[in-house]
Amino acid sequence: MSSALGTCFRISTWGESHGGGVGVVIDGCPPNLSLTEEDIQHELDRRRPGQSEIVTPRNEADACEILSGVFEGKTLGTPIAILVRNKDARPASYEEMAVKYRPSHADYTYDAKYGLRNWQGGGRSSARETIGRVAAAAVARKVLDHLAPGIEILAWVSRIQNLEATVDPETVTGETIESNIVRTGDPAAVEPMIDLIKAARGEGNSLGGVVEAVVRGCPAGLGEPVFDKLDAELAKAMMSLPATKGFEVGSGFEGTRLTGVEHNDHFYMEGDKVRTHTNRSGGVQGGISNGEAIIFRVAFKPTATIMTAQPTVSTDHKDTELKGRGRHDACVLPRAVPIVEAMTALVLCDHLLRQRAQCGLSQQTP
Amino acid sequence: MSSALGTCFRISTWGESHGGGVGVVIDGCPPNLSLTEEDIQHELDRRRPGQSEIVTPRNEADACEILSGVFEGKTLGTPIAILVRNKDARPASYEEMAVKYRPSHADYTYDAKYGLRNWQGGGRSSARETIGRVAAAAVARKVLDHLAPGIEILAWVSRIQNLEATVDPETVTGETIESNIVRTGDPAAVEPMIDLIKAARGEGNSLGGVVEAVVRGCPAGLGEPVFDKLDAELAKAMMSLPATKGFEVGSGFEGTRLTGVEHNDHFYMEGDKVRTHTNRSGGVQGGISNGEAIIFRVAFKPTATIMTAQPTVSTDHKDTELKGRGRHDACVLPRAVPIVEAMTALVLCDHLLRQRAQCGLSQQTP
Amino acid sequence: MSSALGTCFRISTWGESHGGGVGVVIDGCPPNLSLTEEDIQHELDRRRPGQSEIVTPRNEADACEILSGVFEGKTLGTPIAILVRNKDARPASYEEMAVKYRPSHADYTYDAKYGLRNWQGGGRSSARETIGRVAAAAVARKVLDHLAPGIEILAWVSRIQNLEATVDPETVTGETIESNIVRTGDPAAVEPMIDLIKAARGEGNSLGGVVEAVVRGCPAGLGEPVFDKLDAELAKAMMSLPATKGFEVGSGFEGTRLTGVEHNDHFYMEGDKVRTHTNRSGGVQGGISNGEAIIFRVAFKPTATIMTAQPTVSTDHKDTELKGRGRHDACVLPRAVPIVEAMTALVLCDHLLRQRAQCGLSQQTP
Amino acid sequence: MSSALGTCFRISTWGESHGGGVGVVIDGCPPNLSLTEEDIQHELDRRRPGQSEIVTPRNEADACEILSGVFEGKTLGTPIAILVRNKDARPASYEEMAVKYRPSHADYTYDAKYGLRNWQGGGRSSARETIGRVAAAAVARKVLDHLAPGIEILAWVSRIQNLEATVDPETVTGETIESNIVRTGDPAAVEPMIDLIKAARGEGNSLGGVVEAVVRGCPAGLGEPVFDKLDAELAKAMMSLPATKGFEVGSGFEGTRLTGVEHNDHFYMEGDKVRTHTNRSGGVQGGISNGEAIIFRVAFKPTATIMTAQPTVSTDHKDTELKGRGRHDACVLPRAVPIVEAMTALVLCDHLLRQRAQCGLSQQTP
């Protein structure tokens, strides 16, 4: 069960970077929703390599095929299987990795866990694995649009290394974000960020940063009260992405510097809707959405693969050194944006169906 | 399924702050382990109210009863049910909350989700719910001690508001932490922290901060490669605790300011053991433990209940105001320390059994 | 995970025959349903020992306590914990069983699995474990009555040893069944069945037989198409009861003697409702309810505990002999009737919520 | 979650009879086991259509492709995805079914559940869905052979309509069963059974019967004590197969005619092994294997598709009639044999890993 997520809308991803391909099986999708390969391809294209000059040049069209669960353009209610073949695989680039552990990669830990690994391109630990997630999320969006129309999920690059963007989560638009190849929400930060990434790549170095995300229009009442709190599930979803090191919701780590008097979000009535004046809760209280914008941030470390020689050990346990090869992003954040959105859609969709199971969907507005 | 956690070592907690009691059912515990109520009580006493002058004065012995699953002092392998009765419940203190939503609490969202709530002491959203977790974790520790002896789990208060403790995760001891009522690992920070908490309480205000935790001696190989990454599961576990706003592992958010060249952990051989010179990974690579210390931090917001009048709305949707009553911690962090340790033990125990299921336990050292 | 059942309406039972008690935690119950201890007690009284002259004389009131999840008479949506204390436990009656394996009981297999067992009254393998199921089912009925009013679940004794009752599943009433202590639906069979049971008991012997059940008024559309077929889930639920040896739905084993021409259920329109002329399908086609009566039968073996000396082996692996002691039913079927109904209610409730999650509840009538 | 099975060895099947193909994702498979497409193909060939003169002539090679989870001939521990393309699909044969419900098929119930269906060849309800199960079971066998060598799983046709085979479950061999196209274990029954099937087919009619199965060499200790009893899980697994109407273990329905004195299995020592003189328990006591042969029987109804006109209704709810078309088995039992074996392997493998998780694997022999 290494590779399944969700309770009512459940996805199982599979596949390695080099091999037959990658994919996903979606179980529990409501029937009778329109779904085409184009719907899925559109999201895959946002995450695919080679899409701009600042991402990895691996040339993968990542063309998807829906193998089951859709008939005459409608979801059947039965499992939807989606396949993306690997095309531009170059296992030869990785031969040295067969016998050496790349620093800060999963090579050593896979060996420690399983006693073997597919060393070609990182195998299952490759970011290619997220293709299945993004494909499934395209389906999850269909469910959200149908059952809770008006939910808007947006993510953007809010910081690269020390270069911070200025973005208002309440008003930023998808158009702004998608209009630049960094996928930041701050037009003024675009060029500096591109320069920063190119400079790092030029040095064989890499950069990390923070992706911020917002869910606007989410109905109140989603999330479970104890373990499966909405923010806990979002935290897990984000921390399950490659290269993530941290998650915070609402006021986050900085909010802990405030006192309770300063931090609390006061309720007030706006017409017949319960609102809060501030949103340090980040749209979630007691693990359950309160109808305000859900806001969270995810820390991505600098890409582990760098084009510089580094000390490491070999699989036969000798000290050695290794210089990165293969094709990699010097900064994963631009491509992480659609993936963060995808994970958000998956979590929300699952919780929407869970809420429908237990409470029905008319409940949300008390 | 609001209240179950774990795949192979699975716990189901239940109970409200005011009502028959709180408890937990543990399913999947290995048989033939010694277990007494004292083992559990010892951990419950570390989290119980009234234990020191800086925590809530609610007077609960939190005495536990093992109802099943143990026979002649040994676990049977069948479910272990543990019950703690509520004693010092004062529902009258909460009557005003029946008709008003406390700011930054779960009152409104429970109503939004379920259409009703137990308003006495927060019901299910009360921190009393964590009793079941702490009790279950005492059992999880028995499993860890038996199957992976040498694992040491420690948490401590690393910051209250802006007051930072200086603690070395590699060397801090449980004795140091438990020797002071704040449960910090820095003796020099004890008195300032106590003063800070008392001052906030004196003003009817509250404080938040950060709890840091370390797992030492964890074998390599625990954690699943995709969704159920060890750090993702820890993130969810911690974010499922009341009042948490953030989680980070290893280098965390600050690590994103480094470049890849600076950030990577280089491997080297220490005798026949694969080690890393630095530990920015925080003991987890690709979601799987690498044998280094697992280090993470959890952000706790300032307690929402403050003894100050605040604007809010009533359940019949009118603007009103509410002043906190009841007995509360002005700063939850000292009592959060054993709870963070408990959640860590639960996650590790589950993953240890999952690892045994799939790979056996001799696998960990490649 | 030995002791949990259900996906959306999930129960976790716990407890041994002798020990603190037995109980259940129900997770996923819809909120705002009326629920009292009396609702549950009514069903527990139908299964409790000592209720008539043909069942075990163990004197247990089996009084239940709702510990959580209900507030002011309404379900909260959070876990409902129910506790029944053991009262008339007589562990001394079982001392010989501590060192000898009772034939056709679970003594040996528990030792083989866990390396130890609670030998007092069979511990977890005792039929007392079903208390938690029956209590949970009383809650499940509330859900069914609310979301799918008109579902009627009835079971009855259809055969004891070779003594067959004549009952029409389409018309039999609960009043008829409950009017006699055997719980058969055939008034003419009552006295012969009672005599048969008494005769067996008089000889220190025991009897088995068949319980038949019907669900009338079940909406079409419940059940999942592949593994979690409605009849597959009913089969598992019934085969998880102590002493069961077989399950069949609709035409069952005898139906395999018909040809396809004879066996098929032809559809026809009755007003605007799709019906079938015959019901060899037993109300389930392709794993999904079709709106006809769901009909199935469960085989219960003769009670393993008999008051006769039998060869067996000791725990130190020597041939020996053992004579049954303790208080037991010479025929479990009268008490099995409410338990079969309970398991049916649990399965239907879970599938109703699963259906609501995926398809909504307006879907059932195409 | 319509299409997933297992806790530790978890499979997710997908696919419809006509469409991109069918397949399975296996999660939780132990690493480092040899696995090739030939291993899987061998089992698929046993279930494929067109293999003999008494099964459906649909011409499908059912060639499988392993898409992930295997590297250089070894399982990686990560999900194994297996794909089988549909080749000889003839949707035109089914056009009439688009607007009419086939009697005793899942056409109507799929519409009732989902509001639409893939009417080509039954879509998801087609027996082609079992390809994924059989493929996964080939992997499960590898796990069993590695962790519990000596387990032998055999199934055979024990009755077709009223024609009963005489087979001793303790001694029947796979060679005997596979030596005839009916897959019965009784050489004397082969020709009469073939004649019976051919006669039915000649009349456009169909037949059902019983498949019996045995597991020899299963260690004691597998199965969970309450809901996930080994026989309950086998019951569910078998009842999840298309066309099944009943399941019984050990003495089954007929055993209920015996008294307890006659029915009980007495223990005795055979060397240092605990054995039973008789095996009415069918190798499972209290839901847990006892080391004796596990014996069970599965009832398969006569194939619903017959080449005869039958009354039915149309999707627009008018009475009409329908004559079977398409290519079908007049008797599914010969092809059901490998599928029953497959489901048995899947259940045992999952329980073996569950047992390893909780108790370790040295526990089985007390």
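Residue numbering begins at 1 within each chain, and the chains themselves are lettered A, B, C and D in the order written.
Just so it is clear, contacts are C-beta pairs under 8 Å (C-beta built on N, C-alpha and C of every residue); 3 or more make two chains touch, one makes a residue touch a chain.
Every value quoted in this text rests on a predicted model; they were computed, and no experiment measured them.
Two chain pairs, A-B and A-C, are compared here, and A-B has more C-beta pairs in contact (counted per touch definition above). Centroid analysis (C-alpha atoms only) places B farthest from chain D. Chain centres here are Cα means. That of chain A falls 45 Å from that of chain C. If you average the Cα atoms of chain B and of chain C, the two centres end up 39 Å apart.
Remark: chain A and chain B have CA centroids separated by 26 Å (rounded to whole angstrom).
In chain D, the positions touching at least two other chains are 1-4, 7-8, 13, 28, 31, 77-78, 113-115, 124, 225-226, 354, 359.
Chain C makes touch with chain B in their complex at residues 1-4, 7-8, 10, 12-16, 19-23, 25, 27-28, 31-32, 65-69, 71, 74, 76-81, 83, 113-118, 123-124. Interface residues of chain A, counted against chain B in their complex, comprise 1-5, 7, 13, 101, 103-106, 108-115, 124-125, 129, 159, 161-162, 200, 205-210, 220-229, 231-233, 235-240, 242, 245-253, 255-269, 272, 274, 276-277, 280-282, 284-291, 299-306, 308, 310-313, 315, 317-319, 354-355, 359, 363-366. The touching residues of chain C, counted against chain A in their complex, run 7-8, 28-31, 77-78, 225-226, 353-354, 356-360.
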